[in-house]
Each structure stands twice: as structure tokens, then as C-alpha cells.
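Below are two complexes that have chain A in common, paired first with chain B and then with chain C.
== the complex of A and B ==
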């Protein structure tokens, strides 16, 4: 176990290095990409001025442009007036920020800056969306397990029977339909009067949810929440459904053919014990390992499903920030995303070491 | 096969006309195609043959562990202590497995479950068959591990299979198989996957434990005639899914009757003899399990075959007392006791 501890400590120490590499690259690319906030502001101003017919500064080439001072001011406002490395280091919080009396204000200090769009701290924005995505992600992931594990087991035990064949058809159908398309179809069918109007047409909760909560209508709130979640959760389950079912089936099938299963039968154990203890315990290993990797995805949320079902989660926030070049928010999401993924990878290794006694990291 | 025996020992196991077939892409592979033999109580019987001759399938059929699909037991009787195992219900058969008949496999590296400690795997059968408490089962498990020569058994009880070497794992398998003092131990190539030095140790251990634990008979499946010579009382030689010859060990080595057995014996390297120019081998290769010839299974490779061999399958005939052979060219000697099946 000693070697394992030092292995995991080494893995943890690598996190900051990886983190800095990824965030620096993204920061640099973002700064170099065209269409940034200054260009957007310039376009907007120009359009406004053209309509207003006001006096304009003229650039050297004779085209309409903003005065140089205005551009410089904008750059300072958006914190884009420094070179990329210095700007990055200030963002990271290891370089004194001249604009704020040489203080250190960055990621290291827990300050992710202000959102261009919402004019509030990035951290506040992210924290307000985070629980929504996690709720959907976690419940969706749990539901996927609850559906896929028994189905995969049943398919393995009835390999090549009519049940296996027909369910494979369903699995491949599910694989070829993206989750958001399924959501769209379900919303059309069950969110409108097209087939049966029993589910709300998107949204996270009803508008009067908070009032009802304060009024103490606990069960109403729970029901309303669940009511809104059914269709998106189906979408989430569809996304991982095929992969996990087939992984479960193949893994169990492999193990059922293993020598140790024959040994267990030869000992006179019941079929139930051989399959559900000996074989299943082994075939769960690859699935357990996938938990760590899935955690990163849970955080990110599914932008397409959030968009389709009108859920204000992380996926939607990320997309909107990208479209509107809200750099601080994008970088903030990146900080959380990278950290959670890196920790998720380590978590996968920890789980693997826990469930498979053969694995020893040195 | 003969029902009366001169020696008067009690029979433990009688296999009659056992046929186990497999479906191979729509064709039927007759892996075991009419196997007859019997075992006395407390006996060590060697079952010898090349790979693909049907030895392992015979063993798995006795245990009713043929994977289905693709395999199935077409017909046959396996009488074990008076009961026909083929007629038992699934649960009755399950009670016999591990308790009355246990089995050791060829691959000690994969025969144990990698995610459970050997203590867990040793005790679960004890708790299942004997309704022992966890504590009793652990004590018995430690006792068995000490018996098979695992040093520091009490501590190693909770080690995992990967922490043992191949030879040690086979010892664990033997401990597991003998922990319930079965009447019959089927050892399917128990030493094949091990180093030569370890092979002898494992073989010795099995025979030693047989003496200590009492009345366990051993069906030793092997392709290694040296192993047979060392450890068995009688030998059954298999070829093409059928028993070709059965005899006490000394007699088989001294006077092999079947041309196949003779071929097997002459193809052994003999360090005591003067070095020949070339090691003798049986000509040809074992036919695919899907197209064994009509008539005698061996005629395609037989050096002394005659026309009749290609069409008529010979019977297993007692050519002299306790010596059976399936060959047209080997006739019973004048001994009056010898008679056909």
C-alpha cells in the first residue's frame, strides 16, 4: 500500500502542471482568436453611429473606426491590454495586477474575475448553474446504471435468444438517436397536445416554484421538479445507454466463459452464486472504472439537451459564453472542468485499485 | 464391459456409451463418441490420449459441466456409487459436485477467481456443502493449506491468487478439491502447465494426500505417459472420442495390444537405449474432430490396417484378464475368462 500512496501523491502533484498547460493554451488561443469583445463593441458602436449619423473618427485607410483612445480604454476595461503571458499570469494570480494597486487577484486567490455579460463575479454565475447540471447529470447517470446493468446482465445470460436479439435492436436504435433528438421528439409528443400533453414543455421548474417552496408545499415542489425532469433524464439515459449495456453484456459474457467460473461450478455452488457473485463481481470492474471519467461529463452538462429542454445549466452557460465571447466565464468553466476531469481520472485509478486486487500502482 | 471382476474390488464409477457432441458452425463434432470404462474405489486410473482425443470432455461430461450451447450429452450412463448421474436433477447433481466428485484443472493461473481471496474460495464450498460456520470453515481451510504444503497458511489464507506462483496455486486447487474428502478426484492435466520440477512435486502431493485422506479415487487425465507410469494403477488410452485400450500399467507398458498404444510407446524418447537416428513417431496427424473416419478411428494412421478396419468399427474386447483392446487384429488369447463386451 505504501507504493500506492506515493503513486497517488505523484499523480496529485501532476495536476497543477497539467492545469497550467491546458489553461495557458486555451487563454492564448482565446486572445488570438478574432471576434473578441473589442471587435464586437466596435461593430456595435459603429452601427449605432452610422444610424445616428454622428461625427466619426477616420482611420488611416479612410475607413470608419473608433478613436485609438477609446480602443485602449476598452482594452483596459476587458483586461486585454497586456501581453498574453502577463495577462495569463495575472489571471492565474501569480503576477501583481497594476490596475488594482499591485494586488494578486486570480485563480489562486479564488477570484475568477467578472463576467462581461452578467456583470457579476464569474464564480457566482457558475455556482448558480452548477447544481442544476449536477442534478441532471447524477440522476441521469444513476438511471443509466439502473437500466443498463440489469439489461446487460439479462442479455449476457440469454445470449443469442430472441430477447437478446430484439433488445440489441433497441440498443442500436438508441445508439443512433442522439439524446437531444429523443428529447425533442418526446417534448413534441408529450409536451404538446400532439399525442398526450402530460409533461411541461421544458424548463427546470415551474415559475411559481420558489413561492410554493416558501409556502411550505414540499410535496408539490418535489412533484413539480420530478415532472420537469422526466424527459431530459430520458435524454441523458439515451446518451450512455447503448455503450453501457453492451459493455456490461460483453464483460459478463467474457467472464462467464472464464476458467474460474468452471471451477466455481465444479465446487457445486448454485448457478445464482456463480453468476451473480463470481462472474458479476469481475465483470463490474470496467464499469466501476468508468465512474471517474463520467464525473467530468456530469459537470459539463449536456449543452444540446439543456438547450432543447430549456434548462439553465452549465452546458447552456458555456455555449452562450462562447457565442458572446465572455472570456472570464469560459476560463472559469475551464478551471472547474479541468480540475474535475483530472481528479476524475485519479478517482478512476483509486476505484480500480479498490475493486481489483491484482492492480498495484507503483 | 465385464461385470464380474477377479479381484473383487467395488466399482466406484462406471461410464457406459457416453456420447458428448458439440455444434460447430452447424456441424456436429462428436468429441466423445461412445466411451466405456470403469473405476474401482480408491484407484488411480490414468486417462491418456493426444489433445483432441476427448479426455477433458469425458471429464466434464461426468461432472455434467459441458457448456450448453454449444455442447450437449447425447446419451450414455455414468453410474457413480450406484446412481446414474445423467438422470439426476440439476440440484441433485450440484450437491455431488465438489462434495463427492471434485475436479482440478490444467491452468492454475486462471482456475481461481482473481478478485476473491483464496480463503474465501476455500471456505465457500465448505460452508455450502457442510453447513460449517465461518470459523470452522476457516480452520479446515488452514488445515488443508498446511496439508498441501503452503507455508504460513494461516496468514496466506487471505492472500489473492495473483500473490501465489503457479505451483502454489495448483496446491491451493488441490486443497480446495480435497477439502470435502470426495470419493473421486478428477485431475485434468494437473501438471501440464507447470515447470518440470514442480510437476513431480504436485503429482507426489496428490498421491500422498490420497494416502492420507483415505478413500479418494483419482482419474488422472494426461497426455504424458511418464506421469502415468509413475502414478497410476491402470490406464485407459483414448483416441477419436473412444477408449481404445485399458490395462494395468505394467501390462500396458510391457505388452501394448493396440497399434495406437504401441505407437505412443515407441515414440517416447528412451535415454536408456542407444540413440537412434531419429525418434519414431506415429505417421499422420489426428484428424479433425469433424471428420473422423468410418470404421476404426485409427485406421488412417495405422501401420497394420486391413480392409475391414476401414468399414467396421471394432468392439472393445477383453483380450486377456483386465486388459481390453479395440482392434480387429488383436484377438483374445486362449484365456477362457476373456470375453467381449
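== the complex of A and C ==
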């Protein structure tokens, strides 16, 4: 176990390094790229001033421009007045922030800054979106398991039969259609009057959900929520179900050919007992490993499905802050996304080591 | 009769594409490789695998279908384009579509396919209206009758104006005089072109003008002003827009076809570049091992933790990426990573074998061992993963375009059509249905190829009691 412990400690130590590399890279890209918040604020202010007839300075090129001190103020407001490395270190919280009397205010202290757009702490904004993304991710993931395991088992047991071949067609079709395109197609078919208008056309809940909830209309609320969730959940399932079904099938087939199964049969166990008690348990190992990787998806949500179905989760927040150049929120989402993904990878290894005693990391 | 000719043209292009795919390109590739000094004969093992792949008919036919369609799509400029293949007018001949097609492959600059209106019997300095030209060429009397109609229209308008505002007499104010004068000048200016159109009509009637249009005479960025209603137009065969138009009035059919070419080309380039780089890195890792391996592996792990779609979106939200920039971003951020793991493992395995040790012992250079001895034996994962990689990259491109962070606006793309489809899901279902079906069909075909390749190159034999 000694080797394994040190392996995981080394993996954990790699997290901060990876984290700093990625966030620094993205921070640098954001600072270097043109069209940042200053540019946006400048155009907005210029338009407002032209309408209001405020005082404008003329830049060297002869165009109307904001006075220099206003730009400086904007830079300070958006925290863009420092060089990229110093700005990054302040954001990280390992460099004293002069604007706040030399305090350390950064990621390390749990302060992700203020959102430009919502004028509230980034952490509050992101955390408020957590429950939505987690609900969808979790239910979607569970639904994937519920669909994939029986299907994979059935396909393995009837390998090369007509059921296997025809269901393979469906599985490959599922693999070839991206989840969000499936959502879009379903919205078209069941959200509009084209085929059968039974589901709402996107959204997380009905508009009057909160009123109904307060009025104590519990069952109506549950029904409404479920009603809105069907199409996105199918999208989530579509994203992963092909890979998982094939994984389940191949893994079970591998195990059915193994010696221990032969032994189990030889000592006279029933087929049902051999398959479901011995082979199936072992063939679930590769699937357990996917839990860790799925956690990343669980939190970060899916940009595409949330955008398609208009669900106000983390993905849509990320998309909107990208469109509105809300850099602190983007960096905040990046922080959570990267951390969760890294932890998820390690979790996968831990799960693998726990469920499969043959596996040894060094 | 007209339709038959069009169908024949289409058939010829498809045949050409098929011949190029099955005969021309393989021959050319082999020649090129031989010139560089790479042998193109396969080892018996590989030949057996290829035979096995051909035996899996579904996969083999899918492969043929996709490659023929892709190769044929490089003739789109000649088949689906608003420009004429050949236009001749009074002794002057031009080949705008052909020039545009050559420009596609011409890397040393731009070949202009521009034809000025005034050179081809139309009034103005902009690009020739090929549709109108083709109409006149097909029905020469139209030029005359439309000219007569324009003339009588103008005359009618003029007399109507004069009837309403009679010519100001001596007592009229300066202002009235000037207004009248200006209006008369306007009428005169409009009749200026008539002399030229008179000549044009004569040329057409004399049979000295001809025009050969592509099979579907609409390009991906042309607006369909000829349709009666405002965009988006629903699909309608009678109006000549079988797939309808998008929100800005561009025809969907050419966009789908050109989008197919762009999607597959993008996926292919991303795969090839990514594999070249990934194989190099993985090979060096596996061959040398030691510190090189450890450091590179850490780097690959860190790099692989970057949420690539998010990062590309951040970059694309700031700088509008071109096709090549998007390709490079995909290669640098993701496509080279996956293959390094497999190639590294294969190289570790192969390096321990006797033939490599023998090669090292007889003093063969490292580069030669990596490329000539180990690589051919380590290519199985590369080949088996390639089709699935292509599926993933087409999906990424469509996703990025869908979110609006992909190729520049105006580029024909399936993702952009899907976005318009989402915005208008209630009223214009064709904007969703057409790209979805095309995407699903294309990706399904590629997945079928991938399944067959995997089956042929890396067969799994399951033995089972009972």
C-alpha cells in the first residue's frame, strides 16, 4: 500500500501545478486579447456621452475618446492596471493587493472577485447555479446507468444475435448524434406542434413555479419540473450512453470468457448465478472508473445542452459571461471546472484501486 | 431535356469524383511516396487486415461513399455556384466558375473570377448577373422584350409625372424649376443605358452570346432575391429552392454541401496534424523513456486538463478565428493528446522486442528506428481511432459554430444553421431538420467505418462457454 499512497500524494501535489498553469494561461489570453471590458465600457460611455452631451477629449488620432484619467479609473475598476503576472498573482491571492491596503484577496482566500455584470461576488453567482447543473448532471448520469447496464448485459448475452445487431445500429446512431443536436431535434418534435406538442420548449421551470410552490401546490410543482427536465435529460443520456453500453458489453464478454467463469460453471452453478453474481460484478469495474470523470460534467454542466434547452445552469452562465466579457465569472468557472476535473481523475483512480485489488499504481 | 442535361453533368462530376477517389488519388499518393522514398507495399499482416476490412461490406461501402462524396465536393465550385462555367458575349469569353475552382487549389495568391457587367452587355460596374444572362442566352427574345418593357415603363412613368406636375411656366419659382429639372435628369439618366441594352439585345438575337451555368446555379453566400416571400423561405421545389433559405435569405442547399466539405476537411486536417504531432511525441516518450518520458507525460497530463472547448470559445470570443486558426487551436489544445498515450505504450512494448534491439545493436540511427522499424508496427491504435476522432472533430466544429464561436460569419456551416434553427424552432423547422439529418447521416457513416476498421485491425475474439 506504501507505493499507492505515495502515488496518490504525488497526484495531489500535481494539482496546484496544473491549476496554476491553466489559469495563468487563460488569464494571459484574456488580458492580451483585444476587445476587453475597457473597450466595451469605452464604447458604451462614448455613446452615452454623445447623447448626453458630456465633455469629451480628443485622442491623438483625432477621434473622440474618453479622457485619459477616465480610462485609468476604468482600468482600476476592472483591475486591469497591473502587469499580467502581478495581476495574476493578486487574483490568485499570493501578492498583496495595493487597492485593498495590501491585503491578500484571491482564489487562495476564497475570493474570486466581483462579477462585472451582476455586481455581486463571483462565488455567489456560481454557487447559485450549482444546484441546477448538479440536478441535471446527476439525474442524467443515473439515467445513463439505468439504460446502459441492462442494455449492455443483454447485448453481451445475445452477442451476434439479431437483437445485438439491431440495437448496435441504435447505439451507433446515438454515438453519432451530439447530445445537444438530439435535444434540438426533440424540442422540434415534442416542443412544437410539428409532431406532438407535449413538452415545454426549453426553460428550467414554468414562470409561475415559485408562486405555485408558495401556494403549496406540491404535486403541480413536481410535475412541472419533471416536464421541463425530460428533453434535457435525454440529451445528457445521449451524450454518454453509446460509449457506456459498448463498454459494458465488451467488459462482460471479456469476463464471460475468463477462467473463473469456466470454473464457476464447472462446479455446477446455474447460469443466472454465474453471470449476475460473478461475471457482472467484475465487469462493472470499468464503469465505476467513469464516475470520477463524470463528476466534471456534473458540475460544469454542458454548455451546449443548457444553451439549447435554455437551462440557467453553470454552462449557460459561462456562455453568457463569455458573450458579455465577464472575465471574473469566466475565471471563476474555470477554477471550479479545472479543480473538479482534476479531483475527478484522481477519484477515478481511487475507485479503481478500491474495487479492483489487482490494480497497483506506482 | 434541360433537366436531362443537368443530370448528365451531375453524373459526370460524380463519376469523375469516383474515379479520382478509387484510382487517381491512390495512384498519385503512391507516386509521391515513392518519390520521397517510402515503400508503398504493405506487409502481409496489413494486407490481411485490409482484406478483412473490405470483407466487412457495410464499413467498406460507407468508406467509399464518404470518400467519393468528399472528393466530389471539391468540384462544388463547378456544380453548385452562381457563377457561369463559361460565358461568352460578342467575341469575349470568360470562365468565372472555373477560375474560382482553380483558385481553391492555387496557393500562390488569388485568382480573380470577377466579370464586369459592362463587359457582358449589362449596365454597371459590379459582377455580372449570371442568372439574367443565362435567361437571355436561353431565350434571346427576352432581352428585347424586357428592354421594350423597361422603355415603355419609363415612358409611362415620365408621362404620369408630367401629367401630375406640368412643366413649370415662366411664372414658376426658382425652386419649382430646379425640382422639375432634377426629375427630368433622373429620367434621362435612366434611359442612358438603353442604347447599350439595345446593342445587347442585338447580340443575343444574333446568337453571339452564350452561357453555361452550373447544375445548381446558386452559391452558398448568394441571397435568393428571386424568391417571392421574405426570408427565411420554406423548402419549395416549385420555387427552385428545394431546401429553403436561412434567415438572411441564403439558400440552404449550397450551404449544406459546402458545409459538408468544410466539416470533413476540418476534421481530416485536425486529425492528420494532431496524429503527426502526437505520434512524434508519443514515439519519443516511449523510445527514450526516462526523464524525457516523465516530464513529457506530466506536461501531457496538465495540457489535457485544459477544458478545450471553453478555451477555444474564450479565444474565439476575442479574435475571430479563420479556418486555419481554428484548426491549429484544435490541434494544439486537444487532438494530439489522446494518441500519445497509445503510441507511447506501443513504443514501450515494441522497443523491448528483439528486432529493435538488433537494429540498435547494428548501429541504426534512432530516427530511423523510430520511423522505419517501430512505427509501422505501432500504427494499429492510430488507424483504429482515426474515424472516431473524425466524428469528434466534426462534432466540435458543429458545436463551436452552433454557439457562435467557430468559423467566421458567412462561412457555410452546419452549426450556424442549427443555431438559426434553434432560434426559429417554432416556425421554420427546416432549418433544424436539414442540418440534423445531414449531421446524423454523415457521422453515422463515419462511425460505421470506424466500427469496421476496429473489427478488421483489432479483432476481439470472445470465447464463451455455451
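In the analysis below, the second predicted complex is superposed on the first by the 327 of 362 C-alpha atoms of A that agree within 3 Å, B and C clash if a C-alpha of one lies under 4 Å from a C-alpha of the other, contacts with A are read in each partner's own complex, and residues count from 1 in each chain.
We adopt the following convention: a residue touches a chain if its C-beta (ideal position, glycine included) is under 8 Å from a C-beta of that chain, and two chains touch if they have at least 3 such contacts.
Just so you know, these numbers come straight off a predicted model, no measurement behind them.
**Student:** For A:21, decide between first (touching chain B), second (touching chain C), both and neither.
**Tutor:** second
**Student:** Scan A:265 for contacts with chain B and chain C and give back first, second, both or neither.
**Tutor:** both
**Student:** Comparing chain B against chain C, which has contacts with more of the residues in chain A?
**Tutor:** C
**Student:** If you stack the two complexes on chain A, which partner ends up touching A:356: first (chain B), second (chain C), both, or neither?
**Tutor:** A:356: touches chain B, not chain C.
**Student:** Would you check which partner chain A:341 touches, where first means chain B only, second means chain C only, and both and neither mean what they say?
**Tutor:** Touch status of A:341: second partner only.
**Student:** Between chain B (first) and chain C (second), which does A:281 come into contact with in this model arrangement: first, second, both, or neither?
**Tutor:** first
**Student:** Please identify the positions on chain A that touch both chain B and chain C, taking each partner from its own complex.
**Tutor:** 257, 262, 265
**Student:** Hey, which residues of chain A end up touching chain C in the complex?
**Tutor:** 14, 17-18, 21-22, 25-26, 29-30, 33-36, 159, 172-173, 175-178, 180-181, 184-185, 187-188, 191-192, 194, 201, 250, 253-254, 256-257, 261-262, 265, 271, 300, 303-304, 307-308, 318-319, 322-323, 325, 330, 333-334, 337-338, 341-342, 345
**Student:** Where on chain A does chain B make contact in their complex?
**Tutor:** Touching chain B from chain A are residues 160, 257-260, 262-270, 273, 278, 281-282, 285, 355-358.
**Student:** Along chain C, where are the residues that touch chain A in the complex?
**Tutor:** Those residues of chain C that touch chain A are 298, 301-302, 305-307, 309-311, 313-315, 317-319, 391, 395, 398-399, 402-403, 405, 418, 421-422, 425-426, 429, 432-433, 436, 439-440, 443-444, 446-448, 451, 460, 462-466.
**Student:** Can you list the residues on chain B that touch chain A in the complex?
**Tutor:** 63, 65, 67, 69, 94-99, 102-103, 105, 107, 110-117, 124-125, 128-129, 160, 162, 173, 176
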